[in-house]
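Shared between the two complexes below is subunit A, which pairs with subunit B and subunit C, respectively.
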Partner chain A sequence: METANPCPSLKPNEYKSGTKPVWCPGCGDYSVLLAITKAMSEMNLEPENVALVSGIGCSSRLPAYLNVYGFHAVHGRALPVATGLKVSRPDLTVLAAGGDGDGFSIGGNHFMHACRRNVDMTYIVMDNQVYGMTKGQASPTTDPDWDKSKLTPGGTKINPYYPLVIALASGANFIARASSTDPNGAAKVLVDAIRHPGFSFVHMLSPCVTFRPEQKDWKKMVRSAPVEPTKDPAIAAKRLMTDDNFFLGTLYKGDRPAYQPELKTTVEHLSELEQGFVL
Partner chain B sequence: MTAPRISSKVELLARTLTMLSETVERYDLFADQMDVVNNPEAAELFRWLENKQSDRTRVVQKLSEGLTLPHIPPWDYNWDDAINTEVPGHSSAHYMMTPYHTLTLAMDVEQSAADLFQQIEQGATAPEVQKLAHSFAREASDFRDYLKQKRAEHPVPEAGWDEDEDPPLLLE
Partner chain C sequence: MNNSASTENAKGSSTGAPRSLSIAMLGSGGSGVMTAGQLLLDAAGQAGWYGMMTRSSGPQIRGGEAAALLRLSPQPVETHKGRFDILLAIDWLNADRFVGEIILDSDSIVIGDVGGQVPEAISDMGGRYVELPLGELAKGIKGGRPNMVALGALAQLINLPVDALEKVLTRSLSKKGEAAIEASMTGVRAGIEQASAIPDIPEFRIEANSQVERWSITGNEAAGLGAIRGGVRFVAAYPITPGTEILEWLAPNLKKVGGVLVQAEDELASINQLIGGSFGGTPSLTATSGPGLALMIESIGLAVASETPVVVVDVMRGGPSTGIPTKSEQSDLNIALYGLHGDAPHIVVAPMSIGDCLFTTQWATHLAETLQTASIVLSDQSLGQTRALIDRPADIAFVSGGRKITSKAEDFRRYVVNESGVSPMSIPGTPGCQYTADGLEHSPTGTPSSRAEDHIQQLNKRKRKLDQFDYGDHWAKIEGEGEMAVLTWGSSTGPVSEAIDMLAAEGHKVRLISMRLLSPTQPERLAAALAGVQRTLVVEQCHGAQFYHYLRAHYDLPCKLRSMAVPGPLMIRPDDVYSELKAWENS
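The block that comes next holds the complex of A and B.
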């Protein structure tokens, strides 16, 4: 297999920090953590050469559980932080992660522009269609008739956000969907996403068993997309517009060159930088 | 889903070791989770299960001594994570789960392991693979029966066991 590594130098659990996750028992994010560690192990990534930046929310606790460099950023702002990091340190493997509320609502604008900029990094959004950390409110990807939140009695009646379509229209260079119900399959998608140049977006279905217990059924609903990845945006658009949200796999692999500005040293000594802050 | 056709003893050992070690890690994680949500009965049972699986892992490690086991990428474990392997699915856990649920989860794990090894045995052509898969299947089956006996010591949960008027709030 193309992506197989004959001999990983670190086992998946060696990428874990030792801090025990505090997600609810049954949360899909545990499997996403597992998939990320498996992907890093298969790619032989050195922990000191990887950075994971997150926003705010249950899934955004990920950096604490890994022994790679991590930054738990401001709500919705994982992508600008990750963009700045990658642009200034192109040698690093940069991952950004968060949930659907963080990524598509609070950080929705950053999402579009990160896709457009096409900086070489991978954005993993763990989508459970709910704000779990604040006890279960409708998020941008929630179905319009979900009425279990007291904030939206009768449902939101609002058309949900289609992240893959938005990603394609905005210029993401790699678009895939994976599921926490299949961490091994998700690991493969992540390896492909990290290796692909430019902005890679991985839509990760990750059930919230506490506030959306019905999402346990996702396990029976997900299936492999019966298509090969395309690099033709028109074909991808048609594919994504007819997608039912449960097809897994890589759906689009563009060939746009990644954005990486030339780095110029503007200061020779730290003292010059400090001068800029003198009042 | 069908089990993979396994052609050599080292491949079977490599796959079995990965499955067992992941199960140990998963039970450890479940135990920690139950500690966090103040469910000591489930936590204690998960730790007991973790120890049992660790014992089995050591047995398979012993069988693997002196052999070079192949590395198998995760995505080549072409069986479903929680249906056909020993690794219990995360979604099987619940913060209010009772000992009955905990043991049911573990029984499902053993049943799926027994089924898997049985399929491997049936699909294998090498006698040493058949023999080893047969012994693994039997061991899983025996342990499932033991867990069933143990589960009978606990009451069957009543309907609504998972209703919670004050669901958890994850704090930053």
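The block that comes next holds the complex of A and C.
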């Protein structure tokens, strides 16, 4: 939830830290960074009340490029860090971000449980179907016949993972897809995701021009989903199971209440906790 | 005092060990020995005695054989003796499992149900066997159970006032209603009557030395309370034996103080949730055991590098791997000290008694918060799961703070290099002080950096803040004089301390040094503590002599050293340490 900001809203650029990204020229993540700043500006968020948590990988370098509180954690663990932060500090707007390897492979278990736990946060996975930082290995979303990695000669021969389907089955409260090729559309989806209570998952297509140059064609393949968001998981399931991975927009908006234990002191003095020990 | 048991007691006092009574209750799972044992312990506390009770059982969820091992005394006790004055078995199924743990001699009394078959391994140790109709008496009482008859019999044998028993029983069964209390008390009275009819029973009486308020608490509960006293308000939890009770105690109690506990999906999640909670400004802690600590290690390194305070309580069990989950061992010292990759200075502390689990956990939290680093607390199964009767631990207030800032600061640099090594830590919500915490090496502003200059500056800073801090007298417990010393840590302190008391009663002076602070090392302080010592015995419950090797690696030890490294699952007994010291003294 955004808080009312009495000051005139910051421009998207003012949410940037000024640190120069490590990304390759042409990387989709530049546009994701832009989309995030546009969304924050649109929502008039105060940078000090926003925290962005990430794991390890190219896209996980994102927090250092923003002028909000950031945590660049270890590989795969962005979601637990974000969970601990939001549960103990519900006043903050918490975002988590990372790549497909970080979120679906090493962090796969946390993804499932974060969806299920439904803490009010937004998780942006920049999916380029490859490990970029380690120079081009297959990820859980890579097609089985992609044979450009030395680690898996001849391709992985394993079917890719469908993150949106997993998110729905695990209980995510908001599921959308956006693309770095359309930063304005992506910003709109992000605003929608941040505003929606509970765990919001944004599958962000973000091409890797270095190890997957063929992804430059994604620009031509993405299109708006010809449907309205549904709150019916059965309709959403059919929609996501027949999805070709290039429909953009908000696909599911559930109405489960977010998980947020009340933080309220009920004892006057700590010594009241000791009574159980006294004989 | 003209009988064998009081002779033993008298012998106990002449050797300097506390006069005490040791009682073992055996029964198959579900027979209620743990319930009866705890009632007996709490009633003893009600009567002004001290004592402890260890629950011994296998890994079975239910069923199998269980034993409640009690030691009662007019003085505080911190270890079992091994030898038992009374063994009472509600049944003898699988009782031989406890041979080695329960030692009897000809002065012991062994009580069993009528018609029961005492296993040879038990009867071979000697002791006078007495049969009581536990089951039959219970059957005659509506809602009666043999464990309550047994409880009454034991209370009678040790001269425990019946009103103390009635008081704890009434309190413990208050939710079950009058009928349940009456059924239990009827059973207890039947037991008292039976036991008073046993001829020639030695007098196992111990006198209460005070009537001050007594606590009944386990080390795990004490650690939980220490966490809350230390300011912990966020806990992420993944259950693991034998650490779970810390988390179970914290869940409802954190709620009362405006905190929260989240059950995580695994230990990777729990440690990282702590890091998130702490980054948000909330002191955060988790409890685990060896396998969980192993999973958390990578992220403990993140806490060190990003200078985010976290506390991890490792309630150690037999290892490696799944090991012996229900038994104690001090074999996680190496992983706690050296498990982190890279040069990652952090705090490692260890409680040395059940009550000390409170202080040490509170202190660990204070150190983590003040020094912006990770603290590992090495408790173990024997401290964590043993219930003790203790005096209320003193309130100790530390001034923590760790330079957390919540209002705008000029020229804020999260990792600024300064003399103390502790830099300001802004809490999210503070305007103008946004930064990115990072496990990547970074510059003083937090920007990722692989420059040699930044690396050496930040390495020095993270080491300096721990090295320069004054840990005061809390670093160790030092007692006694003499040119012979015992160096030990954690739960081995109890048996060592009692062994030294036994020697003292014989006129032999032995110095005790038990180290609470294991990292950072305190070579100057230990050198001072060892001044004049010629011979030092190093005692630990660990096959690999990890503590001995740690001492050899980090400290100047200008004395003869001998290692007594004994693995679990059996506890180190005062007698074992006494014999070792005696043998060395005479050699």
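Everything that follows uses one rule, which is that the second predicted complex is superposed on the first by the 255 of 279 C-alpha atoms of A that agree within 3 Å, B and C clash if a C-alpha of one lies under 4 Å from a C-alpha of the other, contacts with A are read in each partner's own complex, and residues count from 1 in each chain.
FYI, a contact is a pair of C-beta atoms (placed from the backbone, for glycine too) under 8 Å apart; a residue touches a chain by one contact, two chains touch by 3 or more.
Just so it is clear, the structure is predicted and the values come from calculations on it, not from any experiment.
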item	value
Subunit B versus subunit C as contact partner of A:102, first or second or both or neither	neither
First, second, both or neither for A:73, with subunit B first and subunit C second	second
Touching partner for A:180 - first (subunit B), second (subunit C), both, neither	first
Touching partner for A:47 - first (subunit B), second (subunit C), both, neither	second
Which superposed partner A:127 touches (first subunit B, second subunit C, both, neither)	neither
First (subunit B), second (subunit C), both or neither touched by A:192	neither
Subunit A to subunit C touching residues, read off their complex	17, 19, 46-49, 51, 53, 61, 63-64, 67-74, 76-77, 79-89, 91-92, 109-110, 112-113, 261, 263-267, 270, 272-274, 277-279
Complex interface listing, subunit C residues touching subunit A	42, 45-46, 168, 213-217, 221, 225, 228-229, 233-234, 236, 253, 255-260, 262, 264-266, 268-282, 284, 298-299, 301-302, 306, 389, 392, 428-440, 446-448
Residues of subunit A touching subunit B in the complex	1, 3-8, 13, 20-28, 30-31, 38, 42, 56, 58, 132-136, 180-185, 187-188, 207, 209-211, 216, 219
Residue ranges of subunit B touching subunit A (in the complex, touch as defined)	25, 29-30, 32-34, 36-37, 71, 73-77, 80-82, 89-95, 97, 167-170, 172
